[in-house]
Amino acid sequence: MQELVNRAKELLADGTVARVLGWKAGDLPYNPEPAYFEKAEELVDFVYNGFCGANLSKYMIEASKLEGKTMVCLKPCDTYSFNQLIKEHRVDRDKAYIVGVGCKGKLDIEKIRKQGIKGIELIQGAELTDEADTLKIQTIYGDKTCAYADAMLERCHVCKGKEHMVYDELIGDSNETKDADRFDEVAKLETMSPEEKFAFFQKELSKCIRCNACRNVCPACSCRKCVFDSTKFDSSQKANVDSFEEKMFHIIRAFHVAGRCTDCGECSRVCPQGIPLHLFNRKFIKDIDELYGEYQAGADITSKAPLTNYTFEDAEPSIVGKRG
Amino acid sequence: MQRIGVFVCHCGSNIAATVDVSKVVEMAHMEPGVVHAEDYQYMCSEAGQAKIAAAIQEKKLTGMVVCSCSPRMHEATFRKAAERAGLNPYMVEIANIREHCSWIHKDMEEATKKAVILMRAAIAKVNLNAPLQPGESRVTKRALVIGGGIAGIQTAIDIADAGYEVDIVEKTPSIGGRMSQLDKTFPTLDCSACILTPKMVEASAHEKINIYTYSEVEKVSGFVGDFTVDIRKKARSVDMDKCTGCGVCQEKCPSKKAPSEFNRGLNTRSAIYTPFAQAIPNVPVIDREACIKFKTGKCGVCSKVCQAGAIDYEQKDEIVTEKYGAIVVATGFDTINLEKYDEYAYSQSKDVITSLELERVMNAAGPTHGHLERLSDGKAPKEIVFIQCVGSRCSDDRGKPYCSKICCMYTAKHAMLIRDKYPDVNVTVFYIDVRTPGKNFDEFYRRAVEQYGVNYIKGQVGKVIPQPDGKLLVQGSDLLDNKQILKEADMVVLATAIEPNPDVRRIATMLTASIDTNNFLTEAHAKLRPVESPTAGIFLSGVCQGPKDIPETVAQAGAAAVKAIGLLAKDKLLTNPCTAQSDILLCNGCSTCENVCPYGAITYEDKEVNDHGIRETRRIAVVNSALCQGCGACTVACPSGAMDLQGFSNRQIIAEVDAICR
Amino acid sequence: MYKIAKENLSALFRLIAETRELYLPVRTAGQTNYAAWSEDAEVDIDTLKTVKSAKDAFFPQSEGLYTVKKEGKKISVEPEALKEQDFVVFGMKACDVKGLEVLDKVFLSEPVDTFYAARRDHGTVVAMACHEPEETCFCKVFGVDAANPASDVTVWTVGEDLYWKALTEKGEALTEAVKGLLTSADDAAVEAEKETIHKILENLPYMNLSLEGWNGDALSEKFDSPIWEELYKSCLACGTCTFVCPTCQCYDIKDYSAGDKVSRYRCWDSCMYSDFTMMAHGNNRTSQMQRFRQRFMHKLVYYPANNDGMYSCVGCGRCVEKCPQALNIVKVIKAFQNQGGEK
Amino acid sequence: MSLENKEFKPKIVAFCCNWCSYAGADLAGSSRLTYPADVKIIRVPCSCRVNPMFILRAFEKGADGVIMCGCHPGDCHYSTGNFYARRRMTLLFSMLDYIGVENGRTRVEWVSAAEGVKFSETMNSFVEKIYSLGENVRLGDLRCKN
Amino acid sequence: MSSEKKQAELIKEISGVNPLKCMKCGKCSASCPSYNEMDIKPHQFVSYVINEDIESLVNSKSLWKCLSCFACVERCPRDVKPGKLIDAARQIVVRQKGQNYLLADEIPELLDPELPQQLLVSAFRRYRR
């Protein structure tokens, strides 16, 4: 982290960048927030640890409009989003100085709470430099421990890898955190009966409160105005009055990002109701991989997206239900 | 709120026998916005149209629905009727209650119910219709032909004969193209030059044709009817107006080591050169790479010997900007690079040549002055092997997956000519299939076998092994006799696959014309619009669209010309108003729509927008309504719904869905 | 004071549900929210904070207002019926109860919101003292006593028992209805529990947050502060904070067309949204900074200015837990404190 | 009237491209090839104009089945429209199947202008399928049910 | 599935070859150094697999005459690679004989001065992996 701060200071001092986009220490052990730093002295608050899960790519849409370059800290998975945004002309590559930061898996405070740990006062082991694979947590109700891996975000268990897809320089090392196949959950659902599938999604989606956190955090949902906020399709909604509406919202959202979603996992991370929203996006990714050839959005900035591409021999829609 | 009139047609008994027309009228009155509803025996008749006109005027209708036969039948009729009565024709919607209802249902109650629903959907849609005006764009009465081969020449002549100005842009110093390199043509064995040269002369002498040789298209902007093109005239170093074409400069030029492009590099030419004797224009160019004057600053022989003082070492590239209404692409082909076909020893032996090289060898103006001889030692060959499908029909990355189409015929031609002129030479052709569809084509091939004794063997050659004594050992297989064949040959001729001129990629990009995976230009419709590109105003002539022989090329050249003439004959173009439009407040500028547009109708501009008080410059999609054909692919690709299709808008279709499901 | 063994709770819920609708924390797909009780509902009264507050029971996320029906060219209007059925909300925490007080000031003052008023009339609140408060809690800052929720009935968890005390007439009525399952008890255990809770509260990191300078008088000074420009930047403009908040009371009115009928309903809205209070001419607040500022100014300045100094934040800490980017009202309050000296 | 006694009359929406399938439907009509009146056709310029939103909208408003017809792949009037439509619909249908909606409720069929017989056969078999699946209860807005 | 069909499928699976891509040009046979030794010629291998006559294939002399020089694989314009088909047929035989068709110890007595050295090398590459 110190290396990052030092580099940020250098870049600010020599005028390479006008500001730094990183994380500012929070007032609890686990709540750093994305923040801009414009002066070297502000960097005392800079922090980069296991709780810095937020994908800063989307902030670059606004930062691209500002005067001068912005140094932005991107984890390997975040760089896919940034590439995708470049491809869609939503960010300006020339306005970004990308520091690819190392990552040893990001932590999910909800997962720690799920283990019954509450009244958290202090967490040790979340720094990038900490080698320990156990978090030591001091709480009002006594000291607790939690395995680092057990507190990791779902997306880190299916990590896309340690490589940064786009960067100006790299700082820090990354750990291999992948211990599951990202399509396992989808494949499991696919084998269920229609009744079971319906029950599963009905239950999960019934929790949706339409806060739009998934949409607003999503780097692919970068529309200036979402179709669900506009009158263009007569689809503007602010609440799910009927259970159909949450399905409509999530299916259409997933469809609109199909072939563009990098599977960054932000939607699932931010959902206040813990809905596994990645299951929608990954279904499309899995279908695309199987039907049209493997495609990773954001791995490059030139390839044709699956939904703006075709081959004569593409599968017919009737393949649905015939597979598996 | 619209004021809608509903007109229900009986179509004699065609509709009325199954649909309770009066009930439909009654139900129409219940719908919001409907101020008038009536039925009539034949709405499409003059009397029916008069009723419509009267209602439009009396009830001040702003929209109307005709419940009748298919819109494919009478939509145009009713639109015209509406327009005559002062209603915008795009405020008319048809509810198809005949083909989609009365003719397929027997039960009257059921059919009537359905007719009412179809009518409601049409009313719901027309409620959201907006008057549309077809756009107009002017047509510049001048055509550009890119490529000066037989395809380009023929297209240019045909367009010019119709009275329109045509410019030909040719990359090399002379027009003529591949055909000028051929010795004889199948299946009549005419001398190629003898039939091509008059065409070249005709083109150059035509008062409506202007030829830019040694020139390339640099930039294209605009759209159908109104293209603006920058043409780069490369510095020729010879003044076109002064040169008399006497040829002394070429004789005296001390630099004679440059490989002759015209003779496929089989011999050399001078640094100042015309590619061939019949070149048009008959004005040489200086190859600055080969010229001693340009390389060292010393020499200047050509300038000294030129009586006309035409040599101009200071000449610079010049950009000419012209406007065109139509563009024809006729960029032709080349043979593929054989580097990856090591087994045929093309790069190891001078006596392994391509068929196009053989054309030059057999030609009196060629490197051997028309004598059939081995290029390695000048000896007369006794045994010649032809290998077919070299690089054609290949699914690996060495060759091309398609059939090059012309090889079977020209090989038969070569074999026949050799046997005719040199009866003591044995000719063997290794083939996979002999493909001869075409008038007199199979007869031609049979003549080669029956009359000229050419030995055709079914089976591909695996390897050509140059021998120390200069012979070539050909290892092939005879699939019919199930034998492996080892044959000593003096010369091997490869029927090399053809591919589109590599420049076509650059040109297609400039024209936003699409090309397929093999770099052939895509036609607007494989069957019904084979000489048009999907991009309006761009036409295709010759091999740039797909492999073809000379007669086919000439036929297609004429067809492309007719299409171009049809366009140029118009004073202005009416554009279909049902085009896509992007909402500047919603557009993200993400380029997704551009990627699915088959017509290159979408571009992006940085526009100043005022989004409810926020002023900023944004990248916005702009649809060129002259190019847009209204398919709607972009509207679905657009995630924010910024892109919408006039006449079939999102809200209109949704209104129809709602009305049907109500 | 009564008590009931925890193991008898399902019998208690069943009994309440016989005469009244019952809403209580239910766990669905891993998350606990208020929902109607049923035999197979997974009741979860141990989770301190439900994701959404109990606000839904009185001010639902969406609620029909009236329906317009069309038959031929005839149009009729049918207003939505007001709540007539008595109901019980079980398990609300002190902060959420205080939240109702905030909502009351909005909806029950003239003009009275009849939909809300009917729900308030028919609803009985059984509040629970917070057995184990958490680090995100700061109710005390707003004068809420987590150990002593003021409601119709208050319950305390002590060991394997729930202690029950009715505080209002409605509370007495409910107690009467379930008396068969309750046994009398003395206050001692409850007093001890209260003391324990108070002790824990003392040590929570946010409990000493100062609200100094946050009141109606601070309007223009706070409004024009450059600090907002710094604070809002990581805000995504999602509405999570508003939707989990027990006091946010803004709603939008929308129409839904279903063939021959159109229903008009209201649903929660969020001042974080760019189309919040959107009008024909556009929006009053064009930038996210302005929208962000609105939320906190409303809670800490405008509302107290209009309601005798009462804040419209109750310190439940849900926004602290749920903000995707870890922004929250505490950080806002602190940011002004830190900069306060310089001003 | 109780629900069980009420005869099930499905609502079926068919999106047909103007150039091939709508003409195919016209041909079915002029050839008097019958299919049930439950099918209502919406004309679109091309199958690529069909937005997944339209299909979900139809279900929302009470449709029991939605079918989309277009030109055969390779024959699209606009060259490539149905290729995009094919991918879009494949993915959408797969998603609907994934969330537990019976996959027989959606279908894509390529019908040329000459295939009146195919159009009518397609509609007959699709309607039959919808009858066998019964009322659509998994994908609709309750406010639209009567 | 009949056993012949199964074996044909197995050959396709092991070789990764789609024999239907063959356009019967015969370039494989033209390229084959062992052509004259073979009873079933390389280009015919493809038809045998298509016709599911695996019995004849595995009993053919050709199976063991193929040098695995891969000239046919290199030159095949259609990506059919008869050499891989032959190789796969051999695999089937090897599998039937229990992974044990050729051991290093057996080599000396099999050695034949006429035999190309390359055959030995390729034999090991094939059978001892």
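Brief remarks follow.
In this document, chain identifiers A, B, C, D and E correspond to the written order of the chains, with residue numbering beginning at 1 in each.
Throughout what follows, a residue touches a chain if its C-beta (ideal position, glycine included) is under 8 Å from a C-beta of that chain, and two chains touch if they have at least 3 such contacts.
Just so you know, these numbers come straight off a predicted model, no measurement behind them.
The minimal number of chain-to-chain contact steps leading from chain C to chain E is 2. Graph distance from chain B to chain E, where chains that touch are one step apart, equals 1. Taking A-B and B-C together, the pair of chains sharing more C-beta contacts is A-B.
On a Cα centroid basis, the chain most remote from chain B in this structure is C. Centroid distances built from C-alpha atoms place E farthest away from chain D. Separating the centre of chain A from that of chain C, both taken as means of CA atoms, is a distance of 30 Å.
Centres computed as Cα averages put chain C at a distance of 46 Å from chain D. Between the Cα centres of chain D and chain E there is a gap of 51 Å.
One simple way to say how far apart two chains are is to compare their mean CA positions; for chain B and chain D this gives 36 Å.
Taken residue by residue, chain D touches two or more other chains at 51-53, 57, 61-62, 74, 80, 84, 88, 141, 143-144, whereas all remaining positions touch fewer. For chain B, residues that reach two or more other chains under the stated contact definition are 596, 637, 650, 654, 658, 661-662.
Counting partner chains per residue, chain C shows two or more touched chains at residues 256, 259.
A complete list of chain pairs in contact reads A-B, A-C, A-D, B-C, B-D, B-E, C-D. Those residues of chain A that touch chain B in the complex are listed here as 65, 87-90, 222-227, 230, 232-234, 256-257, 304-305, 307-309. Interface of chain C with chain D (complex): residues 256, 258-259, 263.
Across the complex, chain D is touched by residues 186, 189-190, 192, 194-202, 227, 233, 235, 241-245, 247-248, 251-252, 254-255, 258, 280, 283-284, 287-288, 291-292, 306-312, 314-321 of chain A.
By the touch criterion stated above, chain B contacts chain D in their complex at residues 70-73, 96, 98-101, 103-107, 110-111, 113-114, 117-118, 121, 514, 522, 524-526, 534, 578, 596, 598, 629-633, 635-637, 645, 648, 650, 653-654, 656-658, 660-662. Partner chain C is touched in their complex by these residues of chain A: 26-28, 31-36, 54, 59, 109, 114, 118-121, 139-141, 203-204, 206-207, 209-213, 215-217, 225, 229, 236-241, 266, 269-270, 272-275.
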